[in-house]
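Dropping the structures in below, format is structure tokens.
There are two complexes below, and they share subunit A, which is joined by subunit B in the first and by subunit C in the second.
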Partner chain A sequence: MTAPLVVTRARRRRAFGSPSGYLSVALLLLFALTAVFGPMLVDKPRGLGADILQSPSAQHWFGTDDLGQDVFAQVIWGTRISMAVGVAASLIAIVIGTALGLLGAYVKRLDPFISTLVDVMLSLPLLPLMILVTALVGASATSLIVVIGLLSWAEVARLIRSNGMVVASMPYIDGAKVLGAGPLRIIGTELLPAVSPLIVVSVLLTAARAVISEAGLSFLGMGDPSSWSWGRILLNAQRSGVIATAWWQTLFPSLAILLLVLSATIAGIRYNDSRDPRTRGV
Partner chain B sequence: MLSYVAKKVARAVITIWMAVTITFFLLRILPADPTLLVVEGDMTPEMQAALREQYGLDKPLLVQYGLYLGELLRGNLGVSFRQLVPVLDILLSRLPWTLLLAGSAFALTVLIGIPLGVYAAVGRGKLVDKVVQFLGVTSNALFVPSVAILLLVVFGAQLGWFPIGGAIDPRTRGAEAYASLLHHLALPLLSLALVQVGPYALTLRTNMLEVLGEDYIKSARSRGFTPRRTVWRHALRNAILPALTLMGLQLGTLIGGAVLTETIFAYPGVGRLIYEAVQQLDYPLLQGAFVLLAITVVAANLITDMVALALNPRIRS
Partner chain C sequence: MSEPIVTVRGLSVDFHTRDGVVKAVQDLDLDLHPSRTLALLGESGSGKSVTAQAIMGLLDSPPARITAGSVRFRGVDLLQASAAERREANGGGISMVFQDSLSALNPVYTVGGQIAELLRVRRGMSRRAAWDRAVELIDHVRIPAPARRAKDYPHQFSGGMRQRIMIALAIALEPSVLIADEPTTALDVTVQAQIMELLLDLQRENGMGLMLITHDLGVVAEVADDIAVMYAGRVVEKGGVHELFADPAHPYTRGLLRSVPRVDRADSTLWAIPGSPPNLLDLGEGCAFRERCDTAVGVCAVERPALARPVADAGSRLAACHRSEEVVHGRA
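Let's look at the complex of A and B:
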């Protein structure tokens, strides 16, 4: 059912043997490098005064906004915040989701509570809830990470729980129980390694969702006002009323969001498919 | 069948209770004292005490919680800080627009998603399948404001085919008013449907593939039904049910998308209201909006489950 985490040559070929596989990984790497090194190479966007609302040119690759700030610089600086929030929030969600999912899969008495909680979280409108919580704790990058992380684990828990249940019913788990292993030990040393490939997939897919959530909250003005993010560039365009005219101010951050989310999603799907060549997608 | 209905209703009640409880404790725990948020400027200790008593804040937390639940059951969601009007009144005046937008997006998603999923499954591995899969994954990766802005710029501002904001032209009457309503609805609706249709088509495709491999499909074919009839009459019926459940689960995302797209198109629904409330830090309004949207989503989810029950005799046993 679940292949080990070690990536064999055949699996690597299945995962990256098509353009969509290596393109998505290459794009993810490019985004990661931009997030780390971009702000060192590109000046922080500042109001320059003269060149306001200019369309893309050799001088301003992505044009300028209504304050004369370079949109290319905003997108580069935004990469760092958008990725940092996405990755950090997804890690919080993964830890909570995996823990609850495995507990639900192995500890029968806890399962009704956990599966009800998961169902409830999945059916609530999360964006309005995130808006409410962020408004209460105050807008900052840290609160975005915590709020998104604490509210995005349900999908992970559901996935890990259903797969953990398959593993938990296997004979070798009973064997471990007979040998005297306690529930926590079985969960930690037997179930966790067995579902670890799914955790890798979940990290990628959850991070993709988290990037979308971050962009949505920043777009509604819940981001850190002192740092750049892709959602905030769109918010600035909305606030200054240039959405219908300055297409460059919204197009480039939108492309950045789409490419990052798409490459993380495809990388996740390809990695998942590489475990089972029968269910090939994309 | 009764136990199925009872289970779904119980789940709906639990979900709403959780949503209500979360917001109660959030508002009591996070800002130290809600009275400090109500009125700006100086307040004498006596005024504060009077306010605290009025809001029941001098009572123990659990008593407050009981009072809060009681008020909710009577439809009291509190008073807006800024507009000094009951939150429920403001929300109910905006809710129909959001229901119209989200409801029509739901319908359009199903309408486009079904043929896409069916054709992809029937032509498995062929070009049509690959195209649908690529579009599905891309649609799932779209950011609602990005799509909304693109539609607004191209079809609103550049081509001038559709209005770029609002929900209706107030000068229109009768049939003209309905036309104006649809005209204003088109772009926000499309921005939501384009994002929703991908995951829906992909799920339907997977379900169809599963159903097409089942024995009763083979027997339908061997009894001489045409492939077309087998796919659309026999297989789709059974593939559609899990996809319906998925749509129920996607309703929360759909409402989230409505909040974003309403903001861009200045559409007068609950979403636009939330955006305005965020700018003014109107906490009771934000809380009420979340509670009302949660109830809406849960109710719609319950309806989806009941439709699934009506369509599928297997659930009944």
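Let's look at the complex of A and C:
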């Protein structure tokens, strides 16, 4: 019982012991806390004040927009939507991708179909497709989640399938068959635990991409018009024609996107590397 | 002798590869009797493991294809059985022990958890009862401190102990047939003896039929009742262990026995059968062993010898050699 715990602890130290490791995790935590508690601490951004288009100051840390709304408050409130869409969409993508990946890895007859489907999905131009579908179903946070989730599982499926195939040829899978285990049981209790570290990595990387997709779609006006998200702040700046002059209105939401995506990606890569003995200590 | 529990008739397995069709097993007949041990003897590539995999339904097709034959168990032909019938037979009816116990156990679960899960799923036991039974089984295969060891992971066991865990898992559903595919090959000699002894004790307790796949003649001599010698995908000689060891009727069996080093002979070099096994892609006409055979004659290149009694009063002995009568009498 003790040995795997020690291994887990050592692995965690390897993954997150370096500055890039713990900084990225700390940033992710900060974003998560902001998403949960930020709107309780910061007033909902209101417009129609006198302070319009002010540059950052002690009173308005990130400045104000053309309606006099505080950009800092918008970024804080936007964190919730951006992260919620990112996480929810990545969960949809993970569930579909893992299920199809494991089916393809284990059920040889289904593999050609699943592989072809994955290849088709990967070769589709995703952004135009997302724009089209969101425009058709109507702009809202839910439709963003569903559209992004349903269109980004292919990479997860490919990753899980290739690793599942390695596990599927292990003798202990034959061992399970010899004892009368059916395909569903083998996929659920033998293959799934073996690829679970990869699922962790995929969640992080897919969420990072989903945040970018969300920002992009919101910037293009596909987001929920009644709530803030980082992409929406950028859209407002562009719509009101101040994108060239009010640099604070575009810089801060962009920085938030950059930091969140960067930290999620680095955390994912660090975790992945820590599982590979060849990159140990890098 | 009692009725066989497993009867294999005319089993043929092909592998479809890029270079052609490999005939891994051809026209194989075997009978497994309760409380008896059948040793399937042969060198690497002779088809012994493929035979076991065909019986257990482990062959991946493609590339493997069972082209003919039947495996009857409790009146059901397992090769024609539905997936559900097959799963029902596996584990509870026929079970298997693998050579490499480290990779044959799931590394992410404790050994007790793996045995308990099997019992919960297949026997509908409660979590508690299944765990208690798992500890009992671990105790039964003579692992000290079973209650504590049940909570360990496969990599925390030594090779011999891990093989015992594999055996505990294989007998958990009380199968009537156990196939052991080179169960002791990866172990050192003293541990090998303990594992074989354990298997025989379990066999004595519950009367299961044991099929032992091995290339170890020492193990065979000690534990087997019957032997089937395989060469290039076919059984070349079959019989009881004593007659077969005393008077081999096939030159290949004779060669195998001769190549065992012995302390009571002052040989300076080890004797080995000359040449190497034939290419299974292209066996051609005639006897597959003829090119390595020291007794081959003209007919061996033209006509493949069928399994037949080497001498008229040979009982259940069979050999596939044109000159088996001379070989068994030591005249060729």
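The rule we apply is simple: the second predicted complex is superposed on the first by the 270 of 282 C-alpha atoms of A that agree within 3 Å, B and C clash if a C-alpha of one lies under 4 Å from a C-alpha of the other, contacts with A are read in each partner's own complex, and residues count from 1 in each chain.
Simple rule for what comes next: a residue touches a chain if its C-beta (ideal position, glycine included) is under 8 Å from a C-beta of that chain, and two chains touch if they have at least 3 such contacts.
Computed from a predicted model, the values in this text were never measured in an experiment.
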Combined model on subunit A: subunit C and subunit B, fit or clash: fit
First (subunit B), second (subunit C), both or neither touched by A:F37: neither
Touching partner for A:R185 - first (subunit B), second (subunit C), both, neither: second
Partner chain in contact with A:A244 - subunit B first, subunit C second, else both or neither: first
Touching partner for A:F113 - first (subunit B), second (subunit C), both, neither: neither
First (subunit B), second (subunit C), both or neither touched by A:A135: first
Partner chain(s) touched by A:L124 [first = subunit B, second = subunit C, both, neither]: first
Touching partner for A:G175 - first (subunit B), second (subunit C), both, neither: second
Which partner, subunit B or subunit C, touches more subunit A residues: B
Nearest Cα pair across subunit B and subunit C, whole Å: 14
Interface residues, subunit A side, partner subunit C - complex: 1, 3-4, 108, 170-172, 174-182, 185, 189-190, 193-194
Complex contact set, residues of subunit C against subunit A: 56-58, 60, 83, 87-92, 95-96, 98, 100, 103-110, 117-118, 121-122, 151-153, 155-156, 166, 169-170, 172-173
In the complex, subunit A residues that touch subunit B: 116, 119-120, 122-129, 131-133, 135-137, 208, 212, 215-216, 219-222, 231, 234, 237-238, 243-245, 247, 250-251, 254, 257-258, 261-262, 265-266, 269, 281-282
Subunit A partner contacts - residues on subunit B that touch it in the complex: 11, 14-15, 18-19, 22-23, 26-27, 30-31, 133-134, 137-138, 140-146, 149-150, 152-153, 156-157, 164, 248-249, 251-253, 255-256, 259-260, 263-264, 274-275, 278-279, 281, 283, 286-287, 289-290, 293-294, 297-298, 301
